[in-house]
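Order of writing sets the labels: A, B and C. Residues in every chain begin at 1.
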Amino acid sequence: MSKPIRLILGSAGAMALALALSACGGGGGGQNAATGGGKQGGAATVLMGTAPDFLDPAQGYTTQSAEATWITYTPLLTYKHAPAPQGTELIPGLAQSLPQISPDGRTYTLTLRKGLVFSSGKPVKASDFAYTIQRAIKANWGGKSFFTGNIAGASAFDKGSAKTISGITTDDATGKITIKLVKAYGAFPNVLAFPAAGLVPKGTPTRNLSASPPPGVGPYMITKVTPNRTFTLVKNPRFVGLDIPDIPKGNLDRITVNITSNTQSEAQQVLNDQADAFDAGDTLPPALLSQIQSRAKDRFSKETIPSTFYFFLNTRLKPFNNEKARQAVNYALDKRALSRLASGFLDPECYFIPKGLTGHPDAPCPYGDPNQAPDLAKAKQLVQQSGTAGTKIVVWGQMRSPRREYVDYYTSVLNKIGYKATPKIISDETYFPTIGNAKTRAQTGFADWIQDFPNPSDFYLLLDGSAIQPTNNQNFGLVNDPHIQSELARLNKVPTTKLGSVAKDWQALDQYVAGKGYVAVYGSEKLPKFLSSRLNFDAAVFHPLYLNDWSSWSLK
Amino acid sequence: MATQPAAADTAPPPAVERFAGDEGPRPAAGIGPYRLAARRLGRNRVALAFGALFLVIVALCLCAPLYARHVAHTGPNDNHVTDTVLVGGEVRDVVSPQGIPTGPTWHGRFLLGADANGRDIAVRLLYGGRNSLEVGFVATALTMVLAALIGLLAGYFRGPLDGVLARVLDLIWAYPAVLLGVALGTALALGGLNLGLFKLSGNSLLVPAVIIGVVYVPYVAKPIRGQVLGLREKEFVDAARTQGMRSAQIMSAELLPNVASTLIVFLPLIVANAILLEAGLSYLGAGVQDPNPSWGTMISDGIRLIPSAIHLTLVPGVMLVAAVLGINVFGDGVRDALDPRAQVRLEH
Amino acid sequence: MVRFVARRLISMALVLFAISILTFLIVQAIPNGDPAQRLAGRTSTPETVAAIRRTWGFDKPIYVQYAITMKKVFTGTVISYHQQVNVLGEIRRDLPATLSLSIGAGILWLAAGVGFGLFSAITAGRFTDRALTALSLVGVSTPVFLVGAVMLYLLAFKLGIFPNGGYVPLTQDPIQWLYHLLLPWTALSVLFVGIYSRVLRSNVLDTINEDFVRTARAKGLAERRVLVHHVLRNSMVPIVSLWGLDFAAVIGGGAILTESVFNLQGVGQYAAQSIGALDVPPVLVVTMFGAFFVVMLSAVVDVLYAALDPRIRLSG
C-alpha cells in the first residue's frame, strides 16, 4: 500500500495530478476512502429519539454517543469504516500499525503516527494517550473496568494510591507507547479501540465537557451543543491534511443532530425528506412501517447487528436452578412471537454468541428451529418432570417498548407451561441496577447485550462466574459452571487478531451453554437504516458497532 | 374565599364554591331534605339515564370473568401473538409479522380486536374497567373518610390542631398533583411500600388508589371545615354540649349528618376525577401496573400504535369517557337535587 | 394587608420547605434507587460505584445530602445525575415552551369558557344551551392525552394540516410557533372550557334574578347593556379567581400530560422524564418551582378577589 504512494510522490508531475484529483475529488466520485468518496460539502440533519448520554468521550457509553464520538475522537486502534462483516476488522487509527504483542500476551507496543494534530491545532503526543486513559478513569467512564481491570497500575491510579498509571509508558520523542497488562487479555486491542480511548490533549479538564467537547483527532468536531436538544458536527479542517489511510475524511460539511423524543414524527420527517436520517438506535414506529416500506423502499433497510436478546434464568433460585425447568423455557418460547412484538426487528435465534461474530455455532438449535412453532408439549412435560410446576415466578422487565411486551408475552408462556408468573415492569433507568443487585433475588427477566467489540469474550462476560458481584452484576442468572470457567480462562487470552484459530472452541462452548439452558435466547436485534432521498443510500455505511457512519454520507 | 385550584389536567369540578360558605343548620334528625332531593332527582330523567349508563358499565365490568370464560375463551393476560382467527371465512393473523394487531372481528373471539401482545381487547376492557373503577372507588372512599375527618377535627377544635391540619392540606394542595402522583407512583411501583403491618406490593391497585385518594383530600376537606366552623356556633351544638355529649359524639352524631350532603355532592365528582387521574398517571407510567390492565394503561399502550390500530386507543377511550360522563351527569343531577337554588335555575 | 402578606409569605415558605423534604424523601429513599449504581453504568465494578458514591456525597446521611442539594439549588449550581447538566439551565431552556402553552391555553379557555357560558345562559333551556352543556360535560369527562392523541392522529398524521407535535420558539419563527401550539392549546383548554362555561352559566343565571339586575332592567336599560355591565361583571368575579388558580396549577406541573403528548419539551415533560429516570435534582427543583407558582398565584388571587369583592375580608 505505502509503496505505490511513495512512487507517485516521487514525480512532480504525478503529484500535481494527485492534487488536482483531490481538489475535485467529490465531483469525480472516485471511491477513495481518503477523500470520503462522495460529493463534497452540504449539510444533513439527523433526528435522534434518545439523546447521547454524554458527548465527552471520557464519559459517553451509549450507541448514540458513540455514533458521534467515533468520528471525532480517533483512538490508537479503530475499526474499518465498512458494513458488516469487514466493519468489525481492527485497523490502526492514530497508531502506525496494529500493536506488537509480547509472547506472554501482557505487553503491547504501539507507535503514534507522525505529524498528527488535534482539531485545536495542538500536535498529538504519545503522552496524550496516557492522559486520555487517566481522564476516562477519573471521569468514571461506564466501561472503565476494561482499563482498571487490565492495565497494570490502573486500579491503583483509580483508587488514588498512584499519581499515574504505571503500566503505560510513553515517549513523546519517538511516539512509542508501551502498555503492560496484569494478565493476558485477548480482547485488549478492542479495548484500545473504544471511543473513550480516543485521544484528547493532555491537560483537558476531567469534568464533564459534554456541553463543549474537547478537541480530538477525527474527520469531524462536535460544536454548538445544547444538551438534550441539539448538537452539530462540522468538518475538522486539520484532519484533511493528516495521513491516516482507511479513515474517511468525510463528505458533508455539517451534520446537525436534533433530539426529538417523538419517534413517530421523527420517522415522518425522514419519510417526507424534511430531515435526513432516522437514528438507528431508535425503534421505528410499527404503525409507519408499511408506509416506509412502500414509499421509501430504496432508502430503508433492516440491519442485523451482533446482539443477543434473552431472558436470564437464575440458576441459584427456584425453579431455574433445575436444568429441566430451564430447558422447558427454551422449548416453550415462540421466537416468531417475540419477533412480531418487535415489529419484525428481531432475528429469531437460540445461541448466545450472535450471528456475525466469530464463535456463533452452525449447528441446528437444540430446541427446534427458532423460525418454527415451539414444542409446548415437550416444555410442559419437562416442567412436570422437574417437579417445579406451580412455582411462583416474578418476571422482571423494562418499561420501554417492545421490551415490556416481550416480558408480558414471556409471563404468559410461563403460565401456560405450568408456573404462576407475574410480570414486574420497572423504569428503564433503574432496571439493570435492580436486577443486578443480589438483594433483589430476581428469578428471571429481560436481558440483552449489544456488542461492545467484536469478540465473543465480550458476550461471555455475562456468563462468567468470576464476574459475579453483589451490585451492578451482569451475570444475572448467577451462572457459575466449571466447564465455562476453564474454557474462558483459555479462550479469553487469545488475541482478537487470532480469533479464527479458536472459532471451533467458542462454538463448542456456546452449544454447551445452549444445551444446559443457562439462558433463554430468542434473537438478535435488527436496526433500521432509514435515510432521506437526499443522501446517497448505497454509499452510506451501516457499521456493525457504531451504526450509521456519518463520515460516509454524501449528498446525491 | 374558598375556590380551589383545579388539579390542572384533571380538575375537580367547581361545585366546591357553592358549599363552601356557612350554611344554615339542617335539622339533623329528619330525612325530609333527602327525600325531597330524591324526589327531585327522580324527575331528572337525563341524570337518571346517565346514572343508569354508569351502572350498566359497572355491571358489565363485574361480569368480566363470565365473558372471558364463556364468550372469548381467553383470559385478560393470555397472549395469542402467533395465533390466527377466523373472520368471515378468512383466516387472519391476530398480530401481523409487522406487529400490527387485528381490528374488531365482531365475533366472540377478539370481538373488539387484539392488542400488540395478541390479547383480547374486549376481555381486557372489562377487566381493565374493574381495575379503573376499583381505583376510582377506593380513592374516593379514602378521600371522603380523610376529608370528613380532617374537616370535622379542624373545624370543631380550631386552634393549633386546625393550624396544623390546614398546613397539611396546603401542602397536599400546593404539591403539583400530577407530579406527586407520578413521583410516588414510580417510586412505589419499583419497590412497593413496607410500613410494618401495612404492606403494599408495587403492582397493587392500592398504590394508585392511595395516591389519588390523598391528592383530592383538600378539595373536600376545606369546604367541610368551613361548614363545621359555622355549625359549631349554632344552638343545637351548644345544646348537645350542655347535655354532656363528648366531642367525638357531637362530631359524629350532630355535625357529620349536617355536612353529609356536601359529601354526597362530592362523591360522584371525585369518582369521576379519580378515574381520569388514574388514566393520566397510567399514561405517564405511574398508574396501574402490569399485569393488571386499566382503561388508562390500555389507552396509553394504544397511543403508540394509533396510526395502524386506532381501535386500541378508541375502545378503552370511549368506554372511559362514557363511564366518567355517566357519573358526571348523574353527579350534576344529585347536586341540583340537593341544592336549594336548583329550582331557581330550573325556571329558565 | 401587610399582616396578611407577611403571614402568607411565611406559610408559603413553610409549604415549599415541606414539599422539598417530601420530594427528596420520595425520590431518594426508594429501594434500589441508589443513584451511584445508575450513574456507574451497566458494567461497573463495586469500586467504581463506591468512588461515585464518594464524589457525589451519596455516602453521607440523608439530611446532609438534602442540605447540600438545597444549598446547590439556591446557589444555582445544582447538577442532574443524568447527563450531569445544570438543572436551572435546563428549566430556563424549557420554560418558554411551558409558558407559551399555559398562557395561550389560559387565554383560550377563559375566552371560550366565558363565551360559551354566556351564550348558554342567554339561550338557557333551548337547544344551543343543551348542546353546549352536553359538550362541556363531555369536555370535563375526557382525559387530555386522549384528546391530544386523537387530534394529532386526525389532524396531523391523517390530514397533515398540523405539525405532528414539537415546539418552535417564538423568537425563531412566530408563525411556526403559533402553528405548533394551536393543537396543544385546544387540547389543554377542552377540560377548562367545560368547567368555566358551566360555572359562568350558573353564575349568570343566579345574577340575572338578583334585585339590582331587575332594577336595571326596570329602568329600561338595553338588554345588552344590562348583560355586560351588570350580569357579566358580577358573574366574572369567581371566574377570575378560578382562572388564576388553574393557571398556576397548569404552569406548576399541570401541563405535564399535554406537553408529553405533543412533545413540547417544556418543564413538565422534563419533569416527567426526570421522574422516569429517578433523577433527584431536577425532580426536586421542578416540583418546588411548580409549588411556588401554585402558592404564589393563589396568594395573588386572594388579594385580587378581595379587591374585586369588598365583602371578602382577608385572613391569613
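What we mean here is this: a contact is a pair of C-beta atoms (placed from the backbone, for glycine too) under 8 Å apart; a residue touches a chain by one contact, two chains touch by 3 or more.
Computed from a predicted structure; not experimentally measured.
Enquirer: I'd like the most central chain, judged by C-alpha centroids against the all-protein C-alpha centroid.
Expert: Taking the mean of all protein C-alpha atoms as reference, the closest chain is C.
Enquirer: Ranked by contacting C-beta pairs, which pair of chains comes out on top?
Expert: Per chain pair, the contact count peaks at B-C.
Enquirer: So how far apart, in whole Å, are subunit A and subunit B when each is placed at the average of its C-alpha atoms?
Expert: Averaging C-alpha atoms per chain gives centres 47 Å apart.
Enquirer: Between subunit A and subunit C, what is the gap in Å from one C-alpha centre to the other?
Expert: Taking the mean C-alpha position of each chain, the two centres sit 42 Å apart.
Enquirer: Using Cα averages as centroids, what's the distance between subunit B and subunit C in whole Å?
Expert: 21
Enquirer: Spell out, as numbers or ranges, the residues of subunit C touching 2 or more other chains.
Expert: Subunit C, residues with two or more chain partners: 32-33, 157, 276, 278.
Enquirer: Enumerate the residues of subunit A that touch no fewer than two other chains.
Expert: 264, 399, 427, 430, 434
Enquirer: List, in ascending order, every residue of subunit B touching at least 2 other chains.
Expert: 186, 190, 285, 306-307, in rising order.
Enquirer: Could you list, by residue number, the parts of subunit B that touch subunit A in their complex?
Expert: That would be residues 77-79, 81-82, 95-100, 116-118, 186, 189-190, 202-203, 285, 289-291, 304-309 of subunit B.
Enquirer: So in the complex, which bits of subunit C are touching subunit A?
Expert: Interface residues on subunit C, with respect to subunit A: 32-34, 37-49, 51-52, 55, 82-85, 90, 93, 157, 163-166, 263, 265, 269, 273, 276-279.
Enquirer: Which part of subunit A faces subunit C closely enough to touch in the complex?
Expert: 51, 53-54, 61, 140, 142-145, 148-149, 155, 158-159, 208, 210-211, 226-229, 260-262, 264-265, 268, 399, 427-430, 432-434, 436-437, 439-440, 461, 469-472, 474
Enquirer: Please output the residues of subunit A touching subunit B within their complex, sorted ascending.
Expert: Of all residues in subunit A, those touching subunit B are 264, 285-290, 334, 336-344, 373, 397, 399, 401-402, 404-405, 407-409, 411-413, 415-416, 422-427, 430, 434.
Enquirer: Which stretch or stretches of subunit C touch subunit B in the complex?
Expert: My answer: residues 11, 14-16, 18-19, 22-23, 26-27, 30-33, 124-125, 137-138, 140-146, 149-150, 152-153, 157, 188, 191-192, 195, 198-199, 202, 205-206, 208-209, 238, 241-242, 245-246, 248-250, 252-258, 260-261, 271-272, 275-276, 278, 283, 286-287, 290-291, 294-295, 298, 301-302, 305-306, 312.
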